[in-house]
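Two complexes follow with chain A in common, the first pairing it with chain B and the second with chain C.
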Partner chain A sequence: MQDNRAYAYYPGCSLHATAKEYDLSARAVCAALGVELREVPGWNCCGASSAHGRDHLLSTTLAARNLALVEEMGLEEVAVPCAACFNRLAVAGHELREDASLADAVRNVLERPLQGSAKARALLDVVARDVGTERIRDAVRRPLEGLKVACYYGCLLVRPPRALETDERVEDPQSLDELVRAMGGEPVEWPHKTECCGAALSLTRTDVVRRLSADILKMARDCGADCIVCACPLCMTNLDMRQGEALKAAGERFRIPVLYFTELMALAMGIPDAERWLKMHFVDASAVARRESAAAQSTEAQQ
Partner chain B sequence: MARVGVFVCWCGSNIARTVDVQRVAEAAGRIPGVVFATDYKYMCSEPGQTMVQDAIRDHRLDRVVVASCSPRLHEPTFQRCISEAGLNPYMVEMANIREHCSWVHQDKDAATEKAIDLVRMAVAKARRDFPLFRNEIPITKRALVIGGGVAGIQAALDIADAGYPVTLVERTPSIGGRMAQYDKTFPTLDCAACILTPKMVDCASHPNITILTYAEVEEVTGFVGNFNVRIRKKARGVDMEKCTGCGVCYSKCPVKVPNEFEEGMGERRAIYVPFPQAVPNVPVIDREHCRLNNDLKCGVCQKLCPTGAIAYDQQDEVVTEQFGAIVVATGFRMWDHSQIGEYGYGSIPDVISGLQFERLMNASGPTEGKIVRPSDHKPPKTVVFVACVGSRSENHGHEYCSKVCCMYTAKHALLLKEKYPDTQSYVFYMDIRANGKGYEEFVRRTIEEYGANYIRGRVSRIYRHGDKVVVKGADTLLGRPVEIEADMVVLATAMEPQDDAKDLARKLGISTDQHNWFSEAHPKLKPVEVLSSGIFLAGACQYPKDIPDTVAQASGAASKVAGLFSKPHLLSEPMIASVREEDCAACGQCVQVCPFSAIELVELNGRNGASRRAARVNEGLCHGCGTCVAGCRGSCIDLRGFTNAQVLSEIDALALA
Partner chain C sequence: MGDAISAESATTSGEVRIGGTKTEPGFCREVERLSGQKLSACYQCGECTAGCPVAFAMDLMPNQVTRMALAGMVDEVLQSRSIWLCVGCNTCVTRCPRLVDLPRVMDSVRQIATRRGVRCPEPAIRAFHDTFLQGVERGGRLHELALVAALKLKTGRLFQDVPAGMAMVAKGKLAILPETPEGKAEVRRIFEECRRRAGEGDDHAG
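Right, the complex of A and B next:
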């Protein structure tokens, strides 16, 4: 297990806007676990969505500037909560290490030193692996007893494995499941852990997103999940904000709460603001909080 | 003083168009040592050869240079020609003025100059030629066949029928191999066991065949005609002489183990025969699982055996035998699909391999031929077959096509429909490769008469949903995604070499390709041979093959063995390395670099009774590649017919021209 250590923190655009509750919960949970997050000063776009579809050098350079800033902070690793930001920074870092001529081209544009030493880490990975399930188990105040959780990793957290240098099984990742188990919850066996939610097609091909998101929501329900937990602002948007229209299009009437894993952790760790963040969701997630407190009360009563 | 004759060939216009052959002959006549030089339109023809023989007699030539085509083509012709005229056949040198000169140049003057240089070099080498002689090597006329599948069985039977003794070594408890596991065979649908078991029995009863099952080859030394092979006969725990094959022992054994022969779907006991038609029909005690061997009380089989054949304390037996030729027929294994995450990492019970489906269909299989789902033993209504699982895939390390899957998948779909007419099958394929006799017709029949739904495209995901298995893929002909709710999925997984193929290759001194399939000597013209003489390949240990190809190659290997054994003795190739032992410092460099393990360090009696060591070349193993010559620090190894002095004199002749 690691001692308390500092990570650079790259929130990305979503966490300053639509995914504010992800940002707030991430900072609160990390503070409670003794993980110091230092926001990268003057960070810029990670190069996702528009940039990496249009221009490889541009998207790599955007990511590289952030990595260079991390180097300037004197830190080795940058924790990235958003899956797309993480993917961009990690893939760019990998490419810069592997391809010397690309690294030279990027340095030329950047006009600042870039050693390539900074490594992007998914916040989920930092919490599940560096902090570790043992410390998390100790930090839990209200265990998630009886809560069935569909752990949804989405497509970008573990792919492509070669570039992300991950040891997760790409089609069946485990870190989030382990995390939920450590908090007393019950991760359900379900096949859609890494299915695509439709991602950035949310605006251009909403019909596709509705169908893909409905598939994921229905599968979570069919597998008996009480809620879905994710680690990506765009997944949240598609599964939470578009849930009503997606399920309506699929002829379904049910609703299933979607939470960031940090929100679920905050609930389990008894962080006071946790229930307030849930109000920022479109689908009512308060049931998760209530169910979880009910379970906690029954534990207390037994004791 | 050497008397060299030079004969310049026109090769019709092949050489004469680009090289002034008369000028070459005139120039050759002026080279020191040359006493006769001439040119002729076709030197290899009857009159051309007579011209050479006459010149040898008339001008008392003691060596000859023929300036014509590549030695690959006509060196044997002229060796025969001069030996008929009384010269040692190795006193001829070829100057290649066709492939190396006329065919690759246009400028006639320059080409002529080059041809003269080539002739000058050949003359320089010829002046240092000395007679070479072939030795007779005796042949041990017994063959070893490694692997007791259909390839090994066929090879053993053919060699034995030709009248030579054969030892068939098989590492599992019975011969039969993969084919014994199959249900029916494409495209004729005759039952695999019905055509294989008679051959197995023939093997067992053939007076020329010795079967060693539960045995493995440990070490191979020696060379063509005289291999020494160490074989470990693993302790069976059952006395083969006493056992009658009654089966009481395994019917009462209390230990149950997943059955390898049933691809893990059934159970066997700790004492077992792999399948009812096993040859020999003598059980084996699986010591890993036997209770007695794990310090538990038992001994049931020993108590019940009516002939007292159970011998727990039997030990492995190691024998060394001599063989003249070896047929390698070690077959293949199936790749394990649990490495594919998209298909559930092998965790979905109703996603099975083609070989498992084969056992399910087999009347003597774990379900007695009833096709049911492993999860709930219910018959499936919708079955999806996926071809090319792991094959033709760089990602999964098999760029190659496994060759048989298109056909057995069609067979599975057809037989499924025949047994259960109310089932529907879907086949995902990349291409249909049905290039054998009656194969294409068979696939068409499966599609058109048996209604199998063939979908061209790959499967991207397989997952469980309730009691269904959902298969997601693409139909690349319609250009749209497909989703099928199946009851069962059958994967045509890639064929792979045995996991210890590389080890066996090292023991035999033969080579493998990047996937560890054994390499043939020539992909087209020597498909049965390997680069080491006396060793032949049969079946899928070389590359995925179906049964007809396997049997054909096995018979080919057997006829190669019979051809080898039909000679009274072998003649050694004289162009091999030889060590000047008096100069050798026994540094061992040559031993290390020799690719054929043909050199060893031996003890010599030195002066005053002291002993010293020196390298010595085994003439039966040496291929004359010259690696040791280049590697020798003291320049005390020469390749006969290509000595250092000869090669240097060629270079001198070129440099001093």
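Right, the complex of A and C next:
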């Protein structure tokens, strides 16, 4: 594995708006780790969460255009922070490689050269596996000592495993847990790592989302977590923005901060903007930063 | 319903009535063709329903959708909430011992319901998807603020989430203006070409 490897970078629509802090923290953390991210020029929406429900050819072609642009950049892999975009690009890539007649149909619609060679990688996977826990441990300036973290993978990072071509254990994924451990934090044992938050029903069947999100939030609390860490803008919206109404509907009063894994990394790596990004959340996450800096001070005092 | 298959009769429209239930023998083939899935592979173990996070809100359980589509029970399937409530979390397909991709089946049944103009029991969900895709077709990327605004107008839920939306704007999390990526025209052409191939004729925007 090269030390400074370049990846194409597909931010996706949410990271230019509601998940801006995910984009900013992903770029800052990767820069600090020596991972070069080159944004795909002229990328388009991958079609999640709607195109697959209208037309399979449309949803595959929307994703395939981005993969074709990655090939044009001369890069083999595209790092994707959003779990939903990752899923769409990875599944489309898999289908293009497996199904020759689909690939032909997509090429005809696309009117662009398309080898099908570009591979979508979840940014989490790139950081945890390609950079690796050893280099991350070396980059940590303020260890997350004593911080109990519920690692929430959600649905689309891990399912369906055959098409995503990842080596995560589908019912009990580990990469985020390993990452938290490498930063000195303590991943809690909890059964809701890959439960669904209700995803795109957020704007339409908010009642369903409240119930599913409350289940996840309560389980994280019951398992002793100080915060939840995720890798998806839609999970963040449902667990953070909808947290107040979800817990109210469930008759609960507590609050639990939710962070993108890149934000937690930025805190641990001492990246100065990290605390500013946390202000973009709905549930106050400053306690995670304070706790973590208090722990750092006591470590420094001991040394 | 022990006598369900006792009275079978064919009608002129190709429908078959089994014990008073209308069935359409070609329906299963249509779903199988669109989804690429073999419905008869399902042996009704119920693993999909057991793991489905939204089953509590569904009218037909996921395993029932598969079996009813196989039996050609077109009205029950096309009119059900379940086909719109499926969020595509992929829990079912991950656990299915027969590797049936049920989210693909749900997607396909939605497409058939839309094409046949079946009344959707979850109109807000359908409006969400239509508005989402109109936005992407127009701009190449999704403009989240425009999606929320258009959806409010379509569903009449003008005041839901207004404080949250305003907080988002204040936090700099909702871009006021859409992005204008290069390749916008290319995306529009992809939509048009796919629509032409699917033979839909015109956009089924609701």
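In this text, the second predicted complex is superposed on the first by the 301 of 303 C-alpha atoms of A that agree within 3 Å, B and C clash if a C-alpha of one lies under 4 Å from a C-alpha of the other, contacts with A are read in each partner's own complex, and residues count from 1 in each chain.
The rule we apply is simple: a contact is a pair of C-beta atoms (placed from the backbone, for glycine too) under 8 Å apart; a residue touches a chain by one contact, two chains touch by 3 or more.
Everything numeric in this text was worked out from a predicted model, so none of it was measured.
S.K.: Touching A:169, do we find chain B (first), chain C (second), both, or neither?
M.R.: A:169: touches chain B, not chain C.
S.K.: Let me test your reading of the model: by the given contact rule, A:54 touches which partner, first (chain B), second (chain C), both or neither?
M.R.: In the superposition, A:54 contacts chain C only.
S.K.: Examine A:219 and indicate which partner it touches, taking first as chain B and second as chain C; both and neither are also allowed.
M.R.: The answer is first: A:219 touches chain B but not chain C.
S.K.: When the two structures are laid over each other on chain A, which of chain B and chain C touches more residues of chain A?
M.R.: When the residues of chain A touched by each partner are counted, C comes out ahead.
S.K.: Both chain B and chain C contact which residues of chain A?
M.R.: The answer is residues 170 of chain A.
S.K.: Enumerate the contact residues on chain C facing chain A in the complex.
M.R.: Against chain A, chain C makes touches at 34, 36, 53-54, 56-57, 85, 87-91, 93-94, 101, 103-104, 106-107, 110-111, 114, 122, 124-125, 127-129, 132-133, 136, 140-145, 148, 151, 155, 160-161, 164, 167-168, 171-175, 179, 181-184, 186-187, 190-191, 193-195, 197-198.
S.K.: Along chain B, where are the residues that touch chain A in the complex?
M.R.: Within the complex, chain B contacts chain A at residues 341-342, 344-345, 461, 463-466, 470.
S.K.: For the complex, give me every residue of chain A touching chain C.
M.R.: 13-14, 16-21, 41-45, 47, 49-58, 61-62, 65, 105, 109-110, 155-156, 159-161, 170, 194-196, 198-201, 203-208, 211-212, 241, 279-280, 282
S.K.: Could you pull out which chain A residues touch chain B in their complex?
M.R.: Against chain B, the touching part of chain A is residues 169-172, 191-192, 219, 222.
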